[in-house]
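Per-chain numbering from 1; labels A, B, C and D assigned in written order.
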Amino acid sequence: MSYARELLDSYPRTVTVDASVLAAAIDAISDCAQACTADTDADLSEQDLAEMVKCIRLCLDCTDICTATGGVISRLAEYDPSTTRPLLEACVAICKSCGDECERHAHHEHCRICGQACRRCERACRELLDALK
Amino acid sequence: MSYARELLDSYPRTVTVDASVLAAAIDAISDCAQACTADTDADLSEQDLAEMVKCIRLCLDCTDICTATGGVISRLAEYDPSTTRPLLEACVAICKSCGDECERHAHHEHCRICGQACRRCERACRELLDALK
Amino acid sequence: MSYARELLDSYPRTVTVDASVLAAAIDAISDCAQACTADTDADLSEQDLAEMVKCIRLCLDCTDICTATGGVISRLAEYDPSTTRPLLEACVAICKSCGDECERHAHHEHCRICGQACRRCERACRELLDALK
Amino acid sequence: MSYARELLDSYPRTVTVDASVLAAAIDAISDCAQACTADTDADLSEQDLAEMVKCIRLCLDCTDICTATGGVISRLAEYDPSTTRPLLEACVAICKSCGDECERHAHHEHCRICGQACRRCERACRELLDALK
């Protein structure tokens, strides 16, 4: 069990969203933020650097948005849909764009792996959005 | 002139959005992120701590969202409305919620100042959203 | 295998540090950053809030420092000991302080879990410091 | 007067460090984090991209470390030298490395400006380290 899930199960207030969906989103976001940071750095070491610029930019955005989203959804008690929904939508959108771009470079193993992390994060954020309805 | 504006004026590609609107948003976001961090800490030192919990939570969310938004809008070249618009909407929403809550505690000078930073940031992000239409 | 490890194994340059030590540090840092964010929020919901203030402050510092350290050690190619060593030392120090404080509140299950995440992160960062010698 | 300074002057506890030195560090750190983000993106748009890789990596590290340091020094009440000193030392070191590298590319106006932000931040962090002695 991840720390995220253990911490949710020990939360002193009632958590109104399904804890397994929320923990899955927190874990996927955390992994995706790190994967995008590592992929940025790997991209910067590639021979075909000029081809990787869009991928680098999207990975940088993806790390920033995942980090913020992970923070906000880890603080549950004052859940405010007017903030959390567009933030999760932004996270879904950047994971989709970044995942698409990473897949275009899947001949680079690091992009292939990062693309998987983005897909998993996109899916987990969509599921959380559905669960918050 | 702020660094943000100077850097925009030296950008090697054409920036398609009004540079003064964009620089104002970047500066307001950066100030708001810091103000919310400082206000969180000041709140934690207050006698009426139990009254400040909602303010603390909103300030923490506001810092996280401002930090991500400031990063994303500082990277201009691959502007993607599907990501940037909901992110700016989330930033407007949290600045509004956080500004409202800070104003409720305006007898604490630090909350009054933080509320001003939130209002300015909310306005600057709305203006950027309009300029990006 | 974690994404961090998979990404290290796909890195286009030679990684001069032991990949298993580095991946363990990246994973422990990422978990610790999230655990501290979640613990902050859980602390804010406790009855004995006034007792939790120090824990909250240390957790906030710990998240910030872990996030930065995780970013820096995920970007390997320009490893600069003058930066990375004091940063890892700061990360070890905050994980120790935060872990000590969390253990003082181990009757709160969330503090007990967060304390474990801090201990694991402290140890993993020490091991990385040794490996970088 | 910056928000950082105004907030320090409204702090409910006594601040033991010189408020003008602390506020100057907070402001310089905040500007430097943003300048490095903007410079990274400008670098990615340059023709001589392969020459800019080291600059990009140092700017990414500099943003991460400045963001964490700005957070930690904005939370004053539990000042812990074992954490804050190495963190400030890491911030001084990355600002020096990043400023040196930016100056090597000062024919790019954005690097020249970013180098200035790094120098100012390095100086402000050194002054804070001295003031904390």
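To be clear about the criterion, contacts are C-beta pairs under 8 Å (C-beta built on N, C-alpha and C of every residue); 3 or more make two chains touch, one makes a residue touch a chain.
All values derive from a computational prediction rather than experimental measurement.
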(request) Using mean Cα positions as chain centres, tell me which chain lies farthest from chain C. (result) B
(request) Looking only at C-beta pairs in contact, point me to the busier pair out of A-C and A-D. (result) A-C
(request) Indicate whether more than half of the residue numbers at the chain B-chain C interface occur in both copies; give same if so and different if not. (result) same
(request) Measure off the straight-line distance from the CA centroid of chain A to the CA centroid of chain C, and report it in whole Å. (result) 19
(message) Report the inter-centroid distance (CA atoms only) between chain A and chain D in whole Å.
(response) 27
(message) Two-or-more-chain contact residues of chain C, please, as numbers and ranges.
(response) 40-41, 44-45, 57, 60, 67, 71, 75, 77
(message) Can you tell me which positions in chain C touch chain A when the two form their complex?
(response) 2-4, 6-8, 10-13, 26, 30-31, 33-35, 37-42, 44-46, 63, 67, 70-71, 74-77, 108-110, 112-114, 116-117
(message) So in the complex, the part of chain B that touches chain A is made up of which residues?
(response) 54, 57-58, 60-61, 64-65, 67-69, 71-72, 75, 77-78, 80, 82-84, 86-87, 89-90, 93-94, 96-97
(request) Using the touch definition up top, name the residues of chain D that touch chain A in the complex. (result) 40-41, 44-45, 49-50, 53, 56-57, 60
